[in-house]
Amino acid sequence: MSKEKLIDVKNLATYFHTEEGTVKAVDGVSFEIYPGETLGVVGESGCGKSVTSLSIMRLIESPPGKIETGEIIFDNKDLTKSTQKEMRKIRGNDISMIFQEPMTSLNPVYTVGDQIMEAILIHKDVNKKQARQESIDMLTKVGIPLPEQRVDEYPHQLSGGMRQRVMIAMALSCDPQLLIADEPTTALDVTIQAQILELMNGLKDQFGMAIMMITHDLGVIAEVSDRVAVMYAGKIVEYTDVETLYANPKHPYTWGLMHSIPHIEKDVDRLQAIPGSVPNPLDFPQGCKYNTRCPFATDKCREVEPEIEEIEESHQVACWHVDKLEEAKAKEKKEKEKE
Amino acid sequence: MEWQEVLINLLRNKISLLGIFIILFFVIIAVFAPWIAPPASPRDPYMIPRAGWSPQPKPPNEEHIFGTSENQYDIFYGIIWGTRTAFRVGLIVVGISTFIGITIGTISAFYGGMVDEVMMRVTDIFLSMPFLVAAIVLTTILGKGLDNVMIALVTFGWMSTARLMRSQVLEIKTEEFVEAAEALGASDMRIIMRHVLLNTIFPVVINASMRMGSIVITASSLSFLGVGAPTGYADWGQMISFSRNWILGTQGNALQFWYTVVFPGVAITLFCLSWNLVGDAFRDILDPKLQN
Amino acid sequence: MINYIIRRLLILPVILFGVSVLVFAMLMLVGPYQRLSTYIKSPAELKTANLDSLVEKYGLNDPFHQQYGRWISGVLKGDFGWSETAGATVTEAVLQRFPATLELALLALIPVIMGGINLGVFSAVHHNDPWDHVTRVFSIVGWSIPTFVFGLVVLMIFYGVLGWFPPGRLSVWASDIIRSSEFVQYTHLNIIDGLLNANLKVVGDAIRHLVAPVFSISILWWAYILRITRSSMLETLRKDYIRTARSKGVKERVVVKKHARKNALIPVVTVAGHMVLGLLGGLVITETIFGYQGLGQFFASAASQLDYAAVLGLALYFGFLLILINLCVDVSYAIIDPRIRLE
Amino acid sequence: MTEERLLEIKNLKKYFPVKAGVFRRTVAHVKAVDDISFHINKGETLGLVGESGCGKSTAGRTILRLLEATEGEITFEGHNLLELDKRELREMRKEMQIIFQDPYASLNPRMTVADIVGEPIDIHGLAANKKERNERVTEILDTVGLGTEYMKRYPHEFSGGQRQRIGVARALAVDPSLIIADEPVSALDVSIQAQVINLLQDLQKDFSLTYLFIAHDLSVVKHISDRVAVMYLGKLVEVADKQKLFDDPKHPYTQSLLSAIPVADPTYKSDRIILEGDVPSPVNPPSGCRFHPRCPYAMEICSEVEPEYKDYGEGHYAACHLLEQE
Amino acid sequence: MKKKIGVLLLSLVLVFSLASIVGAQEVKKEDTLTYVTIGNQNTLDPHFSYDTGSAEIIYNVYENLIAYQGESVTEFVPLLATEVPSEDNGLIKDDGKSYVFPIREGVEFSNGNPLTPEDVKYSILRGMINDRDGGPIWMLYEPLLGLTGLQDLVSEVLGEDISPADLSSEQSAEVFAELEKVIEVNGSNVVFHLRQPYPPFLNILAQGASWGSVIDKEWSIEQGAWDGSPYTIAEYYNPPKEDDPLYDKMMGTGPFTLEEWENGDHVYMKRNDNYWRRTANFKTVVIQNIDEFSTRRLLLQRGDADIIYVPNQFLSQVEDMDGVTITTGIPTQQNMVGIMNWEINTKGNDNVGSGKLDGEGVPSNFFADKDVRMGFIKAFNYKAFIEDVRMGNSIQIGGPIVRPLLGTSEDQPVYHQDLAAAEEHFKNAFDGELWEKGFQITLLFNTGNSARQTGADILKTYIEGINPKFKVDVRGIQWSSYLDALVQGNFTLGFMGWLGDFPDPHNWVTPYLAGDGTFGGYKGDLYKEWANETVEPLIEEGITTVDPAKRKEIYKELQTIAFEEGIDLWLDQPTGHNVRRTWVKGWYPNAMRPGLDAYILDKN
């Protein structure tokens, strides 16, 4: 692609140095986001997807967290080298963020309006009255009924869906170029999730921003993303556009994940579960971190960690045995045909 | 987190290690008191022997290595045997009041409704008098003596545990594992003992450990105010109250009677400090909110 | 919230009744002749005092409910009885001493709450820095020193050696001023009266007398509030909404002062309520040491002399005060936390 | 399939009082479960779906009498559960067990696995001695796929999936016939969910269990259930055979619920029905049909008259005025 | 904002405290006398007051007819009277049964009312009608009527036991008629009529600050005190303190007037500029009550207090203080005695162990055995007590009477420690049974009184050393319980003190030796019988004899009986001391003066 990258993350590694040992939460991750697109980051809990986003925002608590290596190029600057003062100008203004728990992500002791206004007052040269009006406008844009009234209410007076809308209004109040959405719908009900996803899609076009969508839900990813990065144990294991990923997953983890979830549109008798559990981040296995659960693992996998490589055009995978997976797929197909 | 693990953590934590070390030191003193400071009258070893009849303290010398206090009570003897008193008062008062607190708090929270209402109002009533003041009143009425001090401290010392316990139990009660036990057909007693108590005990233990220090201070305050241990009884608070009229020294020699306050003051502060250190570290270790 | 406050107020008489029964029952543990000794100061008085008729006169041998009934019916009429210790009616004695204690308590509370909270916040923000360790050590050690030891040491240093802060409530010359006709005692709080009368010498003298007791009574509670604020603050700083604030580009100082502190204060408010309770106890010792005539000292001497009218009256008074304080705590909750306010 | 009913719920209601005012009088009720009726056949899995706050968990707990029902009838193997006294109930609990959502909260953190799984055995005296008890625990742990080496460990030493297995093992220890699984997989990682679902299915076969499977995730419910019941604001809106419900949802709520699920296939495009607004409060539910404020097909009658919950053929129950008019 | 307030407040505190630190040093006002002492005052009503705390104030505001001269407790000077009555000047008449006091003219109360003989009469009668329970007025009844109080007079006059509080107005008038006979106004004179001679009568009238004080009739009636009517005795008899109109108000002829009284905390007195003699040197006199010794000491050290009360044991702390003068060795009218109860109550009394002579306790009549008493007496270490506990500031006594009163002398025998003799006595006690079985006893003391405690500790130490079977416990209890133990008969042996009401041996032998005395009255019937036979006739004879030489012999005999029988453990008569800033001039001691006499003092 020839478009200019909005943000370019190169070989990012964020470690947490705790008393029990070093947690390599993010361990050499590279990806980029283009203006106006949605990058989905999918993975299970503890895979490092949230830490990645917080690293971009430079909101890793330090100590114990520390960005060890890597660059985050945004607007021709390396954010890992920015001061906190410079970062504050970017946060909420160029890059903003919404979080998983709308219940706890809003400060309970200030009104909704106060909290939206705060961001506007920091980044825009407006007075309080204008900021308030802008807040009301934003609330209208995110589809909150009676915004004039809601603006003076406290978070606990709103439902979960409303709160997430407020979070979105707050994040978008300064017209950011990139919105990082960390599991924005996980805590919501299905019908509300649909509302929020719809809203985000609409606003994305309206504001012309890029979204980094972090989630564990393969359905959500499929619905909103342009491209997808699959993370496992602090690494991106597969990185490609969304259609390719779903049509032709190349990493055994991606493939296993897709087989282990029940699908509403098709029936299976039995799910193919991935054995074992996510490895303890303090004690990652040697070699490929998926080797303990991978059906195709060999000695090589247990010794040497595969680097992510582009195996097809814009399809990167980190696996020694892409071929083995292809064999398995073929076998599966055959069996299905037999039936 | 489990007992063993907590213990390991406590031992690993420098602060609590210091606390534990000091407590152990006091335990050794208490256990070996008869050898460290042989009692003059075996009939009542807690009565500090008098080395004379003069009211004026005498500085440390070979015979009385910490000196003698007002009325010639041997300070060293008082400190050594006072350690036993401190443990006795602390353990008994904290033990019994914690037990009462646990019982009342648990029953109150577990059964709720009228039982809760009545018990909490009774708690409120007991809480409506400042602890020290209430203890003074009751000790005055019951008369001097360590037993009476302990009765007074227990009588007015259980409420904080009861409240703590109640809030803990209310929290635990809604936990799914309690529901699970109920679904299994466990009796109320079993649920309280095995599920509720087991999971609420740590904050109570922290609370108790912190209270060890403050109870000993309160008991000493009573002695200081003249309503605590009988005169001449080995008790740190009383040792300090002996120094009360001498602490200022004489004009030009403000430190003339330093030994009368320093030794018991250090003993009581260290004792209290050690429990607080352990309690504080204990809390840090157990506070899941502070764990990342 | 208002309902809750009304509920509290309705329960107030129940608690006060309970307190009075409790205290009365305690006092009834004392034999009638022993209680009589409140009225007999020296063996000389034994000669002409007819003990049995005195017992009769004061009804000390009557059954519990009669004595209690007599007392409570007086209380309901506003008569709390006569305090031998104070040599005045209980009401007079309490009113007379209340401003002194209030002045002391207020001055002790304000620095405690302000200083303790700020130090706690500071300590939490600099979590695990050397400064954090210093404040922590201070808080644990401060919490471990008995008030009476500390008070005596303070007295020794600041009055005995330095001569700065004398005991008592006012110097003689200053009390001459406040008793003069030009000086209007609006509140009986010397500092405020001094300011209102524009007499800075009185203010200065009042403060000079208050510094030492305030200092020795508050050190303990500094340590306590500091500790609670610190841990509450540490907890709050890990909350999601703090992350949200940071993600908006809010300055760290504002994050701490605006977003974290207000939330962190919620548990501190409860503790502040406990603190007042403990403070009242601590006053007994501090006022005794510093010869400061307030309610604490009064209670101590009334209790030690079994002055049961005074003990009962004061117990009720403290109970009332405490319930009011608890109400204040609840109200301040509501001020801080809209979740409670709007319930 | 033999249609022997194991559990029959009739007009079950569970109201929670709302207390307010100076004297804390009950001023209203949260109608968490408001007059629901359904049954579960022996050996089948009934999926119970709905959004948070719709009363599905309350229903599950009320059936087990972990909460006391306000009204109604719960017949389990011919006994009316609501009429049992404390002792009988305790006996009856051997037959009905529950698995919880949160594998972290549902295990007592201070008990070893052996004690957690052994507790039901102790309570009901199912083992004569310690040895027998340990054997039994080992056996059950083995059944759920946990080795004996874990017996002396505490819950926090396990991963979420393993914990959920312990929870299942505890439920199995009394050899029940009915298990109420309250969102058993929703707190688990995606890759682990399948393990637990498979386990539940295996166990159902091996021990001829009956499940009431409560979940909000329709794809999981669809996968595991034989029949599915949909709840909205304390009411059942639709109950039907799985295939029928998913192929031909009758109630508009079911329809919108189905359409709201994001599908893990970027090529799949559905005609999504986006519902307006939030679920109303159960304290003061809307009049008439409770779904009417959000229903895309709402008619005048919907706000006035509560639709009747009835069988529209072959056990396909629904409550909607639209259907009545057809 | 909050921070700004904080900074502001903090700087305010700093500025003010610095300012006041600087400012305070100059203020050592010469016209103010500050006296810091302990305790509180019972009342300001002279007819109610029976404690030194009250007396200290009353003494400076009210005056008597006569007063002690200088340091003497036997010689008098006229005060509101113009002459001290004596046989020589003829003002004592009728063989010592009439005392005539010419009243000084031109004296005014501080409100300007002139002093009249009528005021004196009113004062005496008001006191006698008031006659509160436990009060001091028996000291007027005993000399004037030979009775102990109004109750006795009522019984005598009416012939039946009616409480004075229940008198009808007729009965009241009847009683009053008898009462009024004791005092008569005769022109500018006031005449007292005694039923019997009473040698210490002048001492009684000279005792300042209490029953002898003269109050303003007009003013008192205005305040609501006795209205002067014969019919109202019932109304004014034995008033509860809180209803006493003169409880917190004063109007005397003395050098000072009461300005403000906060009981237990402070008293402010102002100079009476209308005083009939030269006016006082101080404009203001402050008496502050601070119980904490250290605080008092610092006030003295910093010069904020002019005079402070220093307990004997802390004297060493003020000895080397700059600018402080200490006077020691002041004779006092008080003593300390180990009271022994002849008939201990053994029921429910944990001071006597088993209550039997079985080694586990003591029998009820333990101290009725003279050998036991002498055993205890001989075991006590008097030397150590005087030297160590009293630090030499004490005189040993050999009986109830203190020096220099009649019946005492410098060479009077006193007890000495003699452990061999003590052992001998214990061996003889209870026919040797005691020595065989041993005993266990608890000695009480009232907490806070370290001299009494040490006394008990000394007994414990030596007695336990005599025979290992002797077990002595020492227990401190509250003053109230201590008094209760005495009254209930639970007392075993314990130290008590007596503070003289008036300097006459009669005031010493009665409480200790009489069967109904303050202490003797609680020793049981055994003692009463004994006292009735041996000492009471002598006591009676002593008080009715006028001739001092004869009286001296009688009291000497009483003193000897008390000593030889070992009635009580006669210990000592502590001497007094006074600690004041050197700039306080004019101070001299008087054993009968209750503390402060601000009139005689001056600051340069």
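Order as written gives the chain letters A, B, C, D and E; numbering starts at 1 within each chain.
By definition in this document, a contact is a pair of C-beta atoms (placed from the backbone, for glycine too) under 8 Å apart; a residue touches a chain by one contact, two chains touch by 3 or more.
Source: prediction; values computed, not measured.
Note on connectivity: the fewest steps through touching chains from subunit B to subunit D is 1.
Under the contact definition, subunit C and subunit E share the contacting chains B. Chain centres here are means of the Cα atoms, and by that rule the chain farthest away from subunit A is E. Interface comparison, C-D versus B-C: the higher count of C-beta contacts falls to B-C. If you average the Cα atoms of subunit B and of subunit C, the two centres end up 23 Å apart.
In terms of their C-alpha centroids, the spacing between subunit B and subunit E amounts to 44 Å.
Between the Cα centres of subunit A and subunit D there is a gap of 31 Å.
Centre-to-centre separation between subunit A and subunit C, using Cα means, comes to 54 Å. Subunit C has residues 152, 155-156, 160, 288, 304, 306 in contact with two or more other chains. Within subunit D, contacts with two or more other chains are made by no residue at all.
Annotation for subunit B: residues 140, 226, 244, 247-249, 292 touch two or more other chains.
Residues 121-122, 124-133, 136-138, 140-142, 213, 217, 220-221, 224-227, 237, 240-241, 243-244, 247-249, 254, 261, 265, 268-270, 272-273, 276-277, 280, 283, 287, 289-290, 292 of subunit B are the ones touching subunit C in the complex. Contacts from subunit B toward subunit E in the complex involve residues 41, 43-44, 50, 52-56, 70-71, 140, 143-144, 226, 230-232, 244-252. Interface residues of subunit D facing subunit C in the complex, by the touch rule stated above, are 20-24. Those residues of subunit C lying in contact with subunit A across their complex are 128, 239-241, 243-252, 259, 262-263, 336-339, 342. Residues of subunit C that touch subunit B in their complex: 11, 14-16, 18-19, 22-23, 26-27, 29-30, 140-141, 143-149, 152-153, 155-156, 160-161, 227, 231, 234-235, 238, 277-278, 280-282, 284-285, 288, 296, 299-300, 303-304, 306, 311, 314-315, 318-319, 322-323.
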